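Several structures are given next for inspection.
What follows is a pair of complexes built around chain A, which joins chain B in one and chain C in the other.
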Partner chain A sequence: MKKLALYLSLLAVIVLLFIASLRIGIIHLQTPLWDLIGKHDGIDATTVWDVRFPRVFGAALLGAALGVAGVIAQGIFRNPLAEPTLIGLTSGATLGSIAVIATGAAAFGSRTNVESAVLFAGLAALLVQLLAPNKGLGFLITGIAISAILTALAGVMISISAKPGVQSLSFWNFGSLAMLNNQTLKIIAPFIELGFISAFMVSRKLDIYSLGENSSHYMGVKPKQIRLWAIISLALLIGPAVSAVGAIAFLGLLVPHIVRLLVGPSHRRALSFSALIGAIILMLADLASRTLFQPHEIPLGLLTSLIGAPALIILLRLRSAQWVSHD
Partner chain B sequence: MINVKNLSFYRENRVVLDELDLQLEKGELVLLSGSNGVGKSTLLQLIGGVLKPTSGEITINGTDISEMKVKDQALLRSIAPQRRIFTLAYSVGEVLHLLPEKRRSFNVDLIIESLGLVEIMASKVTELSIGQQQRVSLAIALIQEADFYLLDEPFSAQDEDSVLNLVALLAEIKKEKGVMVVSHNTGTHYSQFDREIKLT
Partner chain C sequence: MKRSVKLLILGTALSIVFGASAQASGINIGPEQLKLPVVKSGEVSKYQKIVALADGSAEIIAALGYKSNLVGRDIASTMPELANVPIDTNAHQVAVERVLSQHPDLIFIDANTSPTSALDVLAKSGIKILKIPSAFSLASVVLKERAIASALVVPKAEKLLEVKMSSSVFPKSKTKVAFLYLRGNASIYLVGGKGSGADSILSKIGFTDVGANLLKTPFTALSAEELIKLQPDVLLLMTKGLQSVGGVSGLVALPGIAQTPAGKNKRYVTVDDSLLLSFGPRTISMLPLLQQAIAKVAGS
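Moving on, here comes the complex of A and B:
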């Protein structure tokens, strides 16, 4: 009952943030938001529906995706530090995106761009899994190394590319919702929805998997299969996010920690709450990034780092008992 | 019946198990003993399917486990590993409900009571003593509905009373199932075992 109340409260916060984010911005709306529903003419309507709506909706959708991805990543690597950025997925997606744009194979925000990001994210995670020694921190360290290589490769491609649409290193590394439009959202949303469904389906098995690989096998859940499934889910969640807004730091790491503090470790429950809390944090961060230093906009990833990293340190000190490391 | 036939297992060219034969039938409680390092835990991992034999075969109820899906193996045998690592702070109650209802033994209440878990159902598994964690780990394995139960060193962190309760529970379970306990020290509590297999 308490959890249901919490869930509904978080949903209410999202609705309020949604409304606030549509209203607040550099352009002061002359028309009440209510009167703009269904209208597409005039500066106010264009500002709300073509500029702010994709950003706000995108922040909610991508925040939810990153939160859910964090839960899956930490679950599958049985490590509280695992997050898509650390285990190669984000840099894989970045490289996948940049590769097709820089070679002229696809435009930024196109479906091919997203598909390439999903594919490279999955391949990067598989590569990490293939190369990592199956013990201790080997996985994370291999992930960090592979990430560094892929990020460097992406950087080289940007540097030598003549394509103006390839974006800057800063965009890919620090993330920004500024480029989001309704068209891009329409392309990435189905991938992310698939990612949500796949993540939800794997979640119960992740509870069993958390007892260890041998235990998992003894209980009828094949570790290899579950890892592959989780990696596909992660690629579907992270690929589209990175291809549309770049890398957004710390969300995937922070959100699961907050969620376990609130609702305990069960993966299925953690998923639904992570989606909401991830959405709230990214909506807040986006609102802050475009309003704090108007008319300048701060890259979103910088803000999530500035808020996320200290919050994570505080959380870890508060609740070390939520996760025991045996490494 | 679990039938281990002519089983050999080499690890990095070192012989761990050499042409081993053993059977476990329903209705018996068997002690598998032997000093440290003779391959008792390895044998359990082989029967559990996480290790593959170098040669020989393992069948459960007539089917070679190498031809069975992991999911189907888990319906026939349940294994409590020597050490189960709890990384997430589930409550004891939660961790005993990880398997879906239809795959849980009808003996759940008896198992929980015999293992002394009633009072700690709401406690976090990560905050329990080693002995309590071991009993939770055994409960996880015993709650899984199967024909055969294989427990690796289940007494190692238990006091006298807990061992007696556990043996009594296993004697109850073996009425319908086959149970094998792996232990390196054969103490005085083992009169309830039907037979002992010594690995050398």
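Moving on, here comes the complex of A and C:
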């Protein structure tokens, strides 16, 4: 009952934040938000529906995706530090995006761009899994090394390409929702929705999988199959996010830890709560990034790092934080 | 049945011709449209071998009539008239050995000339180094020209060029213009504000620089809402800047552009990158062309 109340409260916070984010910005709306529904002419209507709406909706969608991806990554790799950035997914998606833009095969924000990001994110995660030793910190160190290689390759491509839309390394590394529009949202949303469905299906078996490979095998869960399924889910969640807004740091790492503190270690439960908390954090960060230092906008990834890193340290210091780690 | 098919074809054709998307209305101003104003005073320059490292100083020396005295120039002076003068900078850094090999008797530098260590080496070699003011507005072009002419001790040439550079008076217009500095492949999307350089040009030719009216710093990262607030009628861009975002289609896809009158009607003027903010003698020649281009685009 307590968890239901918490769930409903988080939903209410999202609705309130959504309305506030549509209302607040550089332009002070002269028309009440309610009266702008269905209108598309005039400065107020275009500001709300063409500029603020894709950003706010995008923040909610991508925040939820990153939160869910964090839970899946930490569960499937049985490591509380396994977030998409550390295990090669983000840099794989970045390289996939840049590769098609820099070679002129696709434009920034196009479907091909998203598909390439999804494919490369999945391949990067598979490569990390293939090369990583089974014991100790080997997995994370391999992830960091593969990420460094992929980021360097992406940097080389950016340096030698003058194609429009290739963007800078700072865009890809620090993320920004500024380039997000309704068209891009329409392209990435179906991929992320598929990722959510896939992640929720994987999460049913993650609790058993977290008991260890031998135990899960005897309980009818095939480790190889579930790992592949999880990597596909992660690629579907991370690829579109990175291709549209670049890398957003710490969210995938922080959100699952907050959620475990609130609702315990069950992956199924953690997944829906992570989606809500991820959405709230990213919506708040986006609101802050575009309103705190007007007319300047702070890169979103910088804000999530500034908020996320101290929050993570506080969580680490809290003894009640529940870690799930099995080697 | 046949009649309805005909109507359908006619309707489709009309929708293509008068479709919702506005036809692009843009004009480009390139270096080939301008000639460097050059004066001949007959005076002999005090210095015979000059290296012009200060931004745009080579252009002024050539305009004063002393192009043949130039043995090296900076990377910003890109006009075709100076094609035969070697560039003495590597990626905006002074190439010391190259300068020394040209045995100059005078080097012009400004606040942007770097690195300091290279300038120290040149100073130690005994070559006269003169620092001249940088120009970031129309008003400062004359100051820069006077500093160079005074160093060369060519007072007649200085006066002749000043007369040639005295620009016409332009009519006031209600057209609102925003200057955008774009480098799409480096994620640089900036709106020009007060002190961008474009503000002095737009104000001189009678247009309102909406960026300068609202933004107190020379350049601000482009924010969709900021741009919508500005509501420019025409966008002023650099030629390569527009190319770097993928042309007009890439421009209107940038956040906030499509929601401005300029974006909706695809009204823009591009000026060659080496020309727009070079603030030299060619800038004065560019003014009437730019005024006509913006007026034509705004009226289309």
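What we mean here is this: the second predicted complex is superposed on the first by the 320 of 327 C-alpha atoms of A that agree within 3 Å, B and C clash if a C-alpha of one lies under 4 Å from a C-alpha of the other, contacts with A are read in each partner's own complex, and residues count from 1 in each chain.
Heads up, the rule we're going with is that a residue touches a chain if its C-beta (ideal position, glycine included) is under 8 Å from a C-beta of that chain, and two chains touch if they have at least 3 such contacts.
From a predicted model like this one, the values you see are computed outputs, not experimental measurements.
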item: Touching partner for A:N173 - first (chain B), second (chain C), both, neither; value: neither
item: Touched partner set for A:A107, first chain B, second chain C, both or neither; value: second
item: Which superposed partner A:I208 touches (first chain B, second chain C, both, neither); value: first
item: Which superposed partner A:Q129 touches (first chain B, second chain C, both, neither); value: neither
item: Chain B and chain C contact sites that coincide on chain A, given as residue numbers; value: none
item: For the chain C and chain A complex, residues of the former touching the latter; value: 184-188, 215, 220-221, 223-226, 228-229, 231, 243-247, 250, 253-256, 258-259
item: Chain C partner contacts - residues on chain A that touch it in the complex; value: 25-27, 43, 46-47, 50-52, 107, 109, 158, 161-168, 170-171, 178-179, 181, 290, 295-297
item: Parts of chain B lying in touch with chain A, wherever the complex brings them together; value: 45, 48-50, 70-75, 78-79, 81, 84-91, 94-95, 98-99, 103, 124, 126-127, 140-141, 144
item: Complex contacts: residues of chain A adjacent to chain B; value: 78, 207-208, 210-215, 217-222, 260, 264-266, 321-326
